[in-house]
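By letter and in written order, the chains are A, B and C; residue numbering begins at 1 in each of them.
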Amino acid sequence: MNWLTNWSPSWQWFHRLGSPRWFYQTTGRWLPWLSLLALALLSTGLVWGLGFAPQDAKQGNSFRIIYLHVPASFLALAGYYIMAIAGAIGLIWKMKLSYMVMKSAAPIGAVLTFLALFTGAIWGKPTWGTYWVWDARVTSMLILLFLYLGVLALQYAFHSNEAGNRASAILALVGTVNIPIIYKSVDWWYTLHQPATIKLTSAPSMHPDMFQPLLVMILGFYCFYTVALFLFTRAEILRRERNSTWVKELVMGGQH
Amino acid sequence: MSSGFSDYLRRDLLLALRRRGEAASPLVFFIMVSTLVPLGITPESARLAEIAPGIIWVMALLATLLSTDGLFASDYQDGSLEQLLISPQMLAMPLLGKITAHWMVTGLPLTLASPILGVMLSLPDEGYLPMVASLALGTGCLSLIGAVGAALTVSLRKGGLLLSLLVMPLYMPVIIFGSATVQSAIDGFAWSGPLAILGAMLAAAIALCPLAAAGGLRLTSIN
Amino acid sequence: MSFQFENLGQLLVMDGHGPFVWTAVLVSLAVMFWLIFKPLADSKAAQKNVARDIARLTNSNGEA
């Protein structure tokens, strides 16, 4: 990895970016606004989608679950890439903060993947009569959950040290390379066994009145994810930097 | 350039030869556990024939998983792994030698024993050649991918089960195409397609996994 | 765009799909709350630990 580190920029701003203290202070300023934005988007989207969007011709009202299921799925997948990128940055530039972000992204992503699977299952029952179906998208999402659980298990087994951070980062990157392979394989596998493919979990081609609240929910989920990521990382910073002066001053000062 | 490769291939094969009992256990596991299937599901030939390709593949995967933990374990314990890590040569070639030895001791016997299981599980006649071919390529992939997981968990005490968790999602594409090779042949379709994809996976794994395992060993086995 | 149901009661029932939709909503909200409150609780606990460390050090007359 040495050749990569030698090439790395030594710009002041980039290294300041790697400072946990800077991150803590900056996110502390941003969080109130970001949380407000997330709350506004989510509540608007949810009320709109649950109460005001027209119901689907075929699925009736159960289709409203889409306003939770689709955003959760997006963030579940995006979250894995965020985790992997944070890991890569930590490996290449040996940035402590980046590892902390990676560690924080793991539980959030795993939980959102579970939520995507759960809401998908609940949606499936009234719509197609069954809670679970082994179709391409559901199976891929399940494998994504396993990938997350693997990273979490590895982090836990190493008890928070440098080797553990590197191992998790490598595993996350290996998983990233594999996600397209897994998705393509599962897709192929599913069409092999279901030649007359009725795409069970494809989103219905949507009327704008149905799509707009979905967009709001997706944006809201992205903001929410950012808030959660910041909060988890801040907690990790306080844990790891407990011996540093600025943390001690922070606690003495009685701030949050 | 390949001196690291053949040295470690020979070394690990010799070591395995000396511990023949240990080396044989994945194979024995493979055969015994496949007996669970008729006991647990059905002894009816027709029903067994339907699920035989998948069952044999799943069992081969599990047997490989069992043995992967031992890839670096004994070397880690007696310090020879550390010796390897501080040596100046490129780590990827010796690792490829070790992984190849591992495959020759686990994957290859499984592949050669699979016709026996085919007979026991009523595998249709058209399935035998595809089964052997897909297992030959597939177990190679499994050994290579497993090595990456083993590299990441080598310094952990109870690494075995964790290794299985880590590596299982990565194994899934292999089993999809491996089992599909056999099933396609049984159903009367061309089975060269999925087999070619297995071959491509193996080629990519040979190129990438030793590097990933080397990086993993270098970065994580020294706390 | 208008309210799709006759009244709030109908919103709950959703033509029979109510239990499904509302279970999904409630579980989602619960999960999302956990994702916010867990790290907040962890932060508080971490700060308590730091305070305890400081107290321990200053009680032996001056910090390390």
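In the analysis below, a contact is a pair of C-beta atoms (placed from the backbone, for glycine too) under 8 Å apart; a residue touches a chain by one contact, two chains touch by 3 or more.
It should be emphasised that the depicted structure is a prediction, and the values quoted were computed from it without experimental measurement.
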*What's the chain with its C-alpha centre farthest out from subunit C?*
B
_So, comparing each chain's Cα centre against the centre of all protein Cα atoms, which one is closest?_
A
*Can you give the whole-Å distance between the Cα centres of subunit A and subunit C?*
17
*Compute the distance, rounded to whole Å, between the mean C-alpha positions of subunit B and subunit C.*
44
_Based only on mean CA positions, could you tell me how far subunit A sits from subunit B in angstrom?_
32
*What are the residues of subunit B that contact at least two other chains?*
none
_Quick check on the complex: what are the subunit C residues that touch subunit A?_
1-5, 11, 14-18, 20-21, 23-25, 27-28, 31-32, 34-36, 38-40, 42-43, 46-47, 49-51, 53-54
*asked:* Touching residues of subunit A toward subunit C in the complex: what are they?
replied: 46, 50-55, 60-62, 64-65, 68-69, 72, 104, 108, 111-112, 114-115, 118-119, 122-123, 125-126, 209, 224, 227-228, 231-232, 234-235, 238-239, 242-243, 247-248, 250-252, 256
_subunit A - residues contacting subunit B, complex_ = 1, 91, 143, 146-147, 149-150, 153-154, 157-158, 161-164, 166-167, 170-171, 174-175, 177-178, 181-182, 184-186, 188-189, 192
*For subunit B, which residues count as touching subunit A in their complex?*
148, 152-153, 155-156, 158-159, 162, 165-166, 168-170, 172-173, 176-177, 180, 183, 201, 208, 212, 215-216, 219-223
